[in-house]
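Look at the two complexes coming up: chain A is in both, with chain B in one and chain C in the other.
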Partner chain A sequence: MAVCTGCSLLCEDIELVGGTSHAKNLCRKGWAHFQSLYTERTKPTIEDQDATLDGAIAKASEILANAKKPLLYGWSNSTLEAQAAGIELAKKIGAALEGTTSLGQCTLMEQVLTGKIPSCTLDDVRNYADTSVFWGADPSNSHPRHLSRFSYYPRGEKHQKSYEEERSCVAIDVRKSSTATLCSNYFYRLPPGTDDQFIESIMAALDGKIPKFGDKKRMIELGTLLRKTEYGALFPGRGLVYSLQEKMDLLQKLIAKLSEITAFKVVPMVEHYNTRGFNQLLLDETGFINSVSFHDGAAVHGPMQSMIEAARSCDAALVIGSDPLSSLPFGIARALAKKPLIAIDPRRSLTTDAAKVVIPSAMCGFEAGGTALRMDGVKIAFDSVIKGDMQSDEQILARIKEAI
Partner chain B sequence: MDADVTIVTFRDIFQDEAGKKGRYTDEYRDLSARIILDRQEMARLGVKDGQRLKVQNDVGSVVVAAKASEDEPHPALAFMISSPWSNQLVGDEVCNASNPGPKRITARVSPTDDGITQISELLQRMRA
Partner chain C sequence: MVGAMEIYQLLPKDACKECGYASCMALAVALLNREKKLEDCPALLNPKYAEKFKKLKELLAPLENASETGLIIHPEKCFGCGNCVVACPVNVAAEPTRCAVGLGPQGEKVILAVEDGVVKCMNLKECRRFGPNKVLCNACTVTCPSKAIEFV
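Then we have the complex of A and B:
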């Protein structure tokens, strides 16, 4: 069996029949991930000229050694072992560390990892949950096997009957997403930016009061469903997090209220396969889940260590397993693109195209093994499934650290 | 004729698949560089599926293809798949109350004869 590193579900049941091109149990996203092994692979370059791997690593080490305020960004598509090596490198060279949740799930993830919001494993969801709520999340597109493996369709320890009889699925979104179509009985459409009012309305319905926002009858119906729930799971996506922003305490209050009535847990829908791993490792190491600077030795976290400040103020950036020039807002991407960039990545991207130094790496889950934390915090180990001569992120980072 | 819209970005598995084939593929561009608009809004703007629209705000601008929504009416609300094209319109300060980031982009759309913005051009803008 192989593990798919295509998203944070880390599906462990991938059967390889005659190699990676004939794998079973993959979703469309996983299949594309497996096929990406054969296309758009990077090669070592320095200033757009072909180089040797040794030469690219030496140049990257030189850039980082000479930088006064280096930034190390990415990490969500790296193993725990590579992430740990990255934290050590950051300490050694006095760098800032940023993960990909800095502009997304950061606040929510922090509340989950510090225990302010109760969480559970996806196996608990499969075995016990009778209500799953997808809020600002669309797993049918982002985590395609979420519903079939854990949250809606499977039979579990306490749920031996079919999903129509024993599980309810709620979708709260601004658009009728693919997931919302699947749980159309409980689809609640919100105008953008009104999630806080929707939370207030749910809490009113739970208290037996008349909700002030939304269709009163449907809000009372949702309140009744949640009250009757024996074990509920909420899966918040970026839609909810961006909408609530500084009002994230409202979600905490809602979960606290639901927890007075029944068991209700939260699992953030982070995207990349080891997003949670980086947040957890950094929290264990520094007390912060993101945006940490070691410029002055000790770990510092604050507004001056925000992603935008880090991108603007750094004088060199190492980007690993991430494509910030594609995924970040224009201003931040532009700030990064103007810095001397070092990209450690197995595949071509806008970021590798803009990088001064490109270091090709092994694709985790195929050419390199390791461990990672699934979106629910469960540690998953995987081996390499094909032989290759590419070096892993961990090996490359160790060589850079040694060279510096 | 133009229209002010709020754009909400979302994930799409087909675009994700195309991105894994390559960021520079036509398939990735075709799925990313488009904006889904309310049917009435499209009629008011005088555009049909595939016709080009300039989407611009204080942050930047892109030319993308129009696509009619199959959802129930949502005037003044538009959708774009998260991509380098949508990110051209997202401000820097995405973690404060005054800027809700990629989930509520305010922009103006207007028909144009300009070509679809190419990804190489987006990269050039970042490096300029």
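Then we have the complex of A and C:
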């Protein structure tokens, strides 16, 4: 059995047939992830010229050693082992560390990891949850097996009849997503940016008051469903986080209210396979889950260490397993693109194309093993499934640290 | 999916009964159920209906791929999410420790499984919509987020 690193569900029941030519149980997204083993692979380059791996690593080490304010960015597509090596490297060279969620799920994840909002494992969801709420998330596309493995369709210890009678699924979104089509009666469509008003409306309905926002009858229906829920699971996606922005405390209030009535747990729908791992590791190490700087030795976190600030003020950046130039907001991406970039990535991207030094690495889950935290914090270990001579992120980072 | 009315509109509508049915509408239903072929309507073979014949052929083409249970799979639409795999009662009965709890099947007795990222269909005669005791099961279609499974 192999593990898929295509998203943060880290599905463990993947059966390979004939090397990697056929795979059972891998969803379409996972299959595409698998196929990318053979396309758009990177090769070692220095300033767009072909180089040797040793040469590229030496050049990267030189750039980082000479930088006064280096930034190490990415980490959500790296194993826990590589992330630990990254933290060590940051300490050694006094760098800033940034994960890919600093502008997104970070606040929510912090509240989960520090126990401020209740969370549970996806296995608990499968066994006990009778209501799953997808808010600003469309798992049918982003985490295709979420509903079938955990949140709606499987039978659990307490739910032998599952979706037919014992589980309800709610989708709250600005559009009728693929997931929403499966929630028929409980799809709530919101005008963009009105999630805060919707939260207040649910709270009113829970209190037995007349909700001010939305269709009153349907809001009361939702309130009734949530009230009679025995074990609820809320899966907030980026849609909700971006809509609420500074009003995240509203969500906290809603969860507190729901928790008074019944057990209600939150599992943030992070995307990349080890996003949560990086947050957890950094929290254990420094007390902060993201945006930490070691410039002056000790770990510092604050507005000056925000991603926006870090991209502007750094004088070199190492980007690992991510593509900030295409995923970050344009202003920050542009600031970053002007810096000398080092990219460690198995696959080509806009960032590797723009990077001064490119270091190809093994694809985790296929060519390299390791461990990672699933979106619910459960640790999943995997081995490499094919023999390759590529070096892993962890090995490359160790070599850079040694060279510096 | 094509409906009987749509088929009927393209038939000659002269109720000649040569196909063995009392009306063209009855033939339309039979065509939809794949009990008759277009060629069973002699009037339709008249060159003046050539255009309509061609259209009907196109309309009915997807039905030719339908299995005996009327199940049609559109692999190009499938997400490989496994909802149908986990919901199908035959799958659940065949693999109570896997499909029933959300995992992909291991054995060969299931009807639906995901391979190379898309759903694959086998052992169709086990499907509850098939055979003398058939029931109108629709677990695989109502759980599909992409309409990749349909019944004729």
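Definition applied: the second predicted complex is superposed on the first by the 403 of 404 C-alpha atoms of A that agree within 3 Å, B and C clash if a C-alpha of one lies under 4 Å from a C-alpha of the other, contacts with A are read in each partner's own complex, and residues count from 1 in each chain.
Just so we're on the same page, a contact is a pair of C-beta atoms (placed from the backbone, for glycine too) under 8 Å apart; a residue touches a chain by one contact, two chains touch by 3 or more.
Model, not experiment: these values are computed from the prediction.
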Comparing the two partners chain B and chain C, which touches a greater set of residues in chain A: B
Touched partner set for A:Ala32, first chain B, second chain C, both or neither: both
First, second, both or neither for A:Ala333, with chain B first and chain C second: first
Chain B versus chain C as contact partner of A:Ser142, first or second or both or neither: first
Contacts of A:Arg126 with chain B and chain C, given as first, second, both or neither: second
Contacts of A:Glu40 with chain B and chain C, given as first, second, both or neither: first
Which of chain B and chain C A:Leu108 touches, first, second, both or neither: neither
Partner chain in contact with A:Ile320 - chain B first, chain C second, else both or neither: neither
First, second, both or neither for A:Ser306, with chain B first and chain C second: first
Shared chain A surface residues [contacts with chain B and with chain C]: 28-29, 31-32, 140-141, 144
Chain A - residues contacting chain B, complex: 28-29, 31-33, 35-36, 39-40, 103, 106, 136, 138, 140-142, 144, 174-177, 191-193, 238-239, 242-243, 245-246, 306, 308, 323, 325-334, 337-338, 348-350, 353-354
Complex contacts: residues of chain B adjacent to chain A: 6, 8, 10-14, 16-17, 20-23, 59-60, 71-72, 74, 77, 79, 82-84, 87-97, 100-104, 119, 122-123, 125-127
Residues of chain C touching chain A in the complex: 78-83, 85-87, 92, 98, 100-104, 106, 113-118, 143, 145-146
Residues of chain A defined as touching chain C within the complex: 13-15, 22-32, 126, 140-141, 144-145, 147-150, 152-156, 163, 178-179, 181-182
